[in-house]
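Just so it is clear, A, B, C, D and E label the chains in written order, and each chain counts residues from 1 on its own.
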């Protein structure tokens, strides 16, 4: 119960954040999230096939002083320091609208091509330590030799990519910035599968609960799951189209080789969308099953009531008849009247049991 | 209950207004709304980067006497003064069909391009002081240096734009009429989010009501909410396509720069449509939950009945048996017969309780 | 109940009419309706800007003798006189397939362009005096200077157009036959709104009935309304596409000016389709509400039963116990035994009432 | 009940037939139906405008000996004689895949164009004498001067066409083979309307049954009807597209004139699809109504139970109280105690009746 | 119950396999299945029209030593030996991404064209000996003279093709590798029909169960079937599009002749998709029927209860009245009081029976 109310509040908080922006000029850089980090931290990994350097520049000038040989992955964590981000945007000559989208955490996934860079907004989905699905805003700008990443929180899904760069695993160190951009997208999409797996497990658990011990809360849980699937679909379904656009683009940054790899992500996105569609149908089936179980239980209850009442009400009536105080009731004087009437009652009982057996109620 | 009947009447009044027009020649200027203002009021804000003038022209000639240097926002409030509007239309050389749409408050959102102007019909949605959603008809014509706005009521969602013009905030004073047109659209779309937030809160409240204390009126409220979502979708969903057409247009009024901003509105419209879709699914889930709660409650009630009846009906039967008046009933003379039979009854009671415990009915 | 059965018969009669045509050669002119008028009546309105003539030609030759200066509206009422219609078709050089469609009242709306004329089939919808929705078959052929109208019944929705021609209201007298064709279409579409308004009112009434006093017949009425909406959608939804085709056509009859007006009809058709979609969803909501009300009522009934049974069955049991005839039942001799047991019963009653109060059943 | 099981078997027989083909080379001519005729019979109607000949050729050579002046309708009944059909196919230079489709009765409707012929597979639907819907496989190949028809059973829907050829009714004798092909298609589509009429009547009957006397079997019948509609839709819905392709084809066999007629069939197909869509929605409404009736009946039953129990259980309790055997029960000695208590019972009864009246349960 | 839990586990195992890949570089060859064979086995069938050779090469060099005259079907069973498959891929110059898809058993069906080969991933569906549907991953690469097949398990659906090659049945020995590729696809699609037949039979069985003896498990079985249909649709529905792409391709491997055959597969795929759609609707109908049966049963139960209670509760009340111990109850002394009251009870019984008969409850 609590979880729901919290999510309700989280949503309305998001909405009032949205509200705050009303009346502002378009292109204003306003962080819309609720996770305010006082300081944004900046980390750079610069590499060529032979060389790798990692450092955290103290200011933006230090960042721009780099030579052009290295592929640079500039990773910004924390989106609430608006002054710093404005400065960063100017240094990289980013359009103010682009910067606005980068920090606007309610922005849906999008992809825009500019002459000097390609800019995309995505959502990272991953499980935190409490096994809850975390949605983290992610914006990435691909330049000729640089990838600039804006992420909302310290946690991300890119440790595998960092590891491959550091250990020279796979092709990544021999490739350009577009491959790095692809590798980050790929890591993000791969993590969607982890989240789907988690959803799948929850469906399995709920399925068992529905079949074995459905409670009123079960319906609640099914509906919560349905909303979760809706929410994930909202973040995941636009990505397929965005990747499709990257494949069709004629932007000179994206090499033919990388497009082959993007086609692979495209396949994965298709699979994610299909899975989400199937999960949706499965939650609906669960709800149907739940309702059918509730009806079946009602039937059970009613059968017990009907059997008990149908057997004992007529018997009680008979007992009532011989409990009447009429003076002239000859049966009462019969020697075996009492035993006779007990016998009649027994016969009625047996008849009723046979009748209910026949109707398969027993 | 009352609210509903009122809305029913409001609708049928709207319908009979619609009726009034039957048989009239097309292009006849007839105000279709129910909010009749005796006088239409006209306000003008004219500005260049350096200069700003605000005045309410006494007549149309005064309006046209202006030089061409200033960007003019001509704002007409109140659509029922047909003579005045006809005159205004002639002064601006508007097509009669355009004027008809401008005052025809049941007109759905549309956008038409003419050689000298672009004309659009939209719906403003905002919350009034009683937190009800108000739908206000809005028509806007964009000329090279002017934006002519027709609005039904005094209230609107443009105070932020007015403030930005007056205080020179943002880019608006340095831009042309097309940017003003965009800024008004943007303000309108931003207010849709406020309305969505309000819907979202109502969904959250209803969700709590469904889970904690569902009453027959709850179903009623869910259905009302569903209709509200349907209604908002009707006004909001065409806007995306209209903005898309503005982006694709080759009309010389719309600069490339403004198109970049329009793409932003496009993104917002997409988000609005997605949210409405999700709200729709959520209201359906609410109704499902409500029905499942009603069934669960019925189950509860039936269980109580069945338990009470199943326990006491057999016991009453036994009491009935020993209330019979047969002369020959040896048990009645037994010394501890009464206590014995009380003991039997207790055993039956215990057996029944165990049985119901086992079936998890208790 | 009666209404339904009648409509059932009406449908099957229509179907057997359809049957009659099986085996006939395509292009055979067979009236498919059930409303047989012995005589078809022919009325002509011929007008220029200055002149207007109205007459009913005795034969077809009289009709063709007219000069080419006037715009002619030739209106045929009654489609069962096949010989006359064949003759008329020959006089106007209409394709036999066109004539077949003109009288084939089950024909769905369609539009075909030929070199010398444009031919369309539509359905007029209007309310008769009993406030029932009447569907009337309508076929119109647009020639360069003539509009030939085939209508099934005397009643139509064109009185407004006739009035405007006679009184020279609006532009109609200054325009050509294509504008007349448009004006007739416009009158037809405007009447759809009257029918929609009527549907809307019926939805409102049903809504009140569902909320305040749902009866088994209410469900029946909802389903009837749903079928009515389906039926209207069937006639209304193709018109949008047909008008769209008229707008895109390059046929020399249709002037650019008229196309502007047709765009207006197009908007109206869009609005009609949207309204029908919304009505459909509203009837579904009504049915949902009805079912939820039925469930709620069942809950009410069950609660009353459960409360009555749960209170009195245990009390009756106690009375039964002290009605037993055991010789050795010490309580029976107690002085205040009777009062004591009445007190116990009262306590049980109070306990039960508190219990039900707590569960909010009272 | 029986009907269902039979149809189940029919289906699984079809399926195992399908099974038989597994592992065979594609292009193998295997009859897939269950209606095995030992002999295929061959009938020819050859005609020009002046001349008509009908005969049953003894062998295929006799068939090919014909001059090229006549339009020939070669009609083959019975698809199980694989040797003969192979021979026929060779004589007409048909592709083996085409022959396979011609006898493969589970083949869905299709249309393929080859250089020398156009080949289509369709399904005839008609009512047999027991008013059941029969689905008969039909394949037709159109050559320049010939139409080769493969049909599964003796019965067909082409008697009207034969009659028109023999009696020179309509245009058919003056036209070429493509018109004959069209006329056969037209006859087939016209018969779909007869089947739809039959479905419509069954819906009407079921509607009455649902409203007046719903039984558990009614639900069964509704579901059977739904399946029937699904089945017909499966056969009917592809035809529209196939006819559309014939209209767009540039094959030299199909004259412009015939295309005009094909457009007519196209309209009919559209109407059939719309009707099927509406029937589908109507069967769903029927099921909804049925369920609502079941719920209403339950409500009725519950009300009777509740009224009876609520009235008599308290009264029985009172009688039980005065049936107790306490020695000290002063009321028992009162002179009018008995009448008093009867009066109290009457008051309770009246009170209860008023209460139930107020709640509109009576 | 067991089956479900197992499938649940199978799914989560699949998911955790998927998990294993997270963080790996794209293009890494990782077998994702759970069916690990220690050794992959390799079988080759090489044939020309005159000659056929079958052998199992010991190593890859032996495989490549072949002349170019023969069409070679190289069949690899078992996908877990990653080293061997990497080696094989290099020998055939396959792209690493292709190899990854070949062994990635959760990969959805896909088709990619490369300059030297066409590569496709599919799913074989067949019934195992326990009549369960087995889904087996299948990847095929078509080279100019070779078809390289990767299959997960020993079992496959290609025995018919092998038989036709060995016995020279049909055209296969006279054709090139593209025909072999088609023949394998065709065999796979043909087997889908066997699986559909099996689903159809299960639907028929469930239908009988629903109509004759619905149990709570029946709903469970219906939902399981629904999930099975969903699962098959997921594998079957992409194939149509892939085959469509093969038909449209201009790759020089695919001859015009083979495309004709592919069109045939296309038809089959359409039929499969339509069947699956119909099965889906049928499972939904089954669930509806099940729910309606549950409601009907409840109605039955309630009727029995109501009849029993309504008859005997009033009678018991009367008996209770004459069981009261008032001193002054004149009826008790009447000579035929007892018989009179028995008569009254009989009359009430008869009245009740007539009443219930009238309401058709009996």
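By definition in this document, contacts are C-beta pairs under 8 Å (C-beta built on N, C-alpha and C of every residue); 3 or more make two chains touch, one makes a residue touch a chain.
On a predicted model such as this, the values are computed, not experimentally measured, just so you know.
Participant: Per the centroid of Cα atoms for each chain, what is the distance between subunit B and subunit C, given in Å?
Facilitator: 27
Participant: How many angstrom between the C-alpha centroids of subunit C and subunit A?
Facilitator: Spacing between the chain centres: roughly 43 Å.
Participant: Residue numbers in subunit C touching 2 or more other chains?
Facilitator: If we look for residues of subunit C contacting two or more partner chains, we find 291, 295, 298, 302, 305, 309, 313, 316, 320, 323-325, 329.
Participant: Treating touching as the only link between chains, describe the layout with one word: line, ring, star, complete or other.
Facilitator: Drawn as a graph, the chains make one closed cycle, so a ring.
Participant: Please list every chain around the ring, with subunit A first and subunit B second.
Facilitator: The ring, traversed starting at subunit A in the subunit B direction, is A, B, C, D, E.
Participant: Touching residues of subunit D toward subunit C in the complex: what are they?
Facilitator: Counting only subunit D, the residues touching subunit C are 159-160, 163-164, 169-172, 183, 186-187, 190-191, 193-194, 196-197, 200-201, 204, 207-208, 211-212, 260-261, 263-264, 267, 270-271, 274, 278, 281-282, 285, 288-289, 291-293, 295-296, 298-299, 302-303, 305-306, 309-310, 313-314, 316-317, 320-321, 323-329, 359-361.
Participant: Any idea which subunit B residues touch subunit C in the complex?
Facilitator: Against subunit C, the touching part of subunit B is residues 1, 4-5, 8, 11-12, 15-16, 18-19, 21-28, 95, 97, 106-108, 110, 112, 216, 219-220, 223, 226-227, 230, 234, 287, 290-291, 294-295, 297-298, 300-302, 304-305, 308-309, 312-313, 315-316, 319-320, 322-325, 329, 331-338, 341-342.
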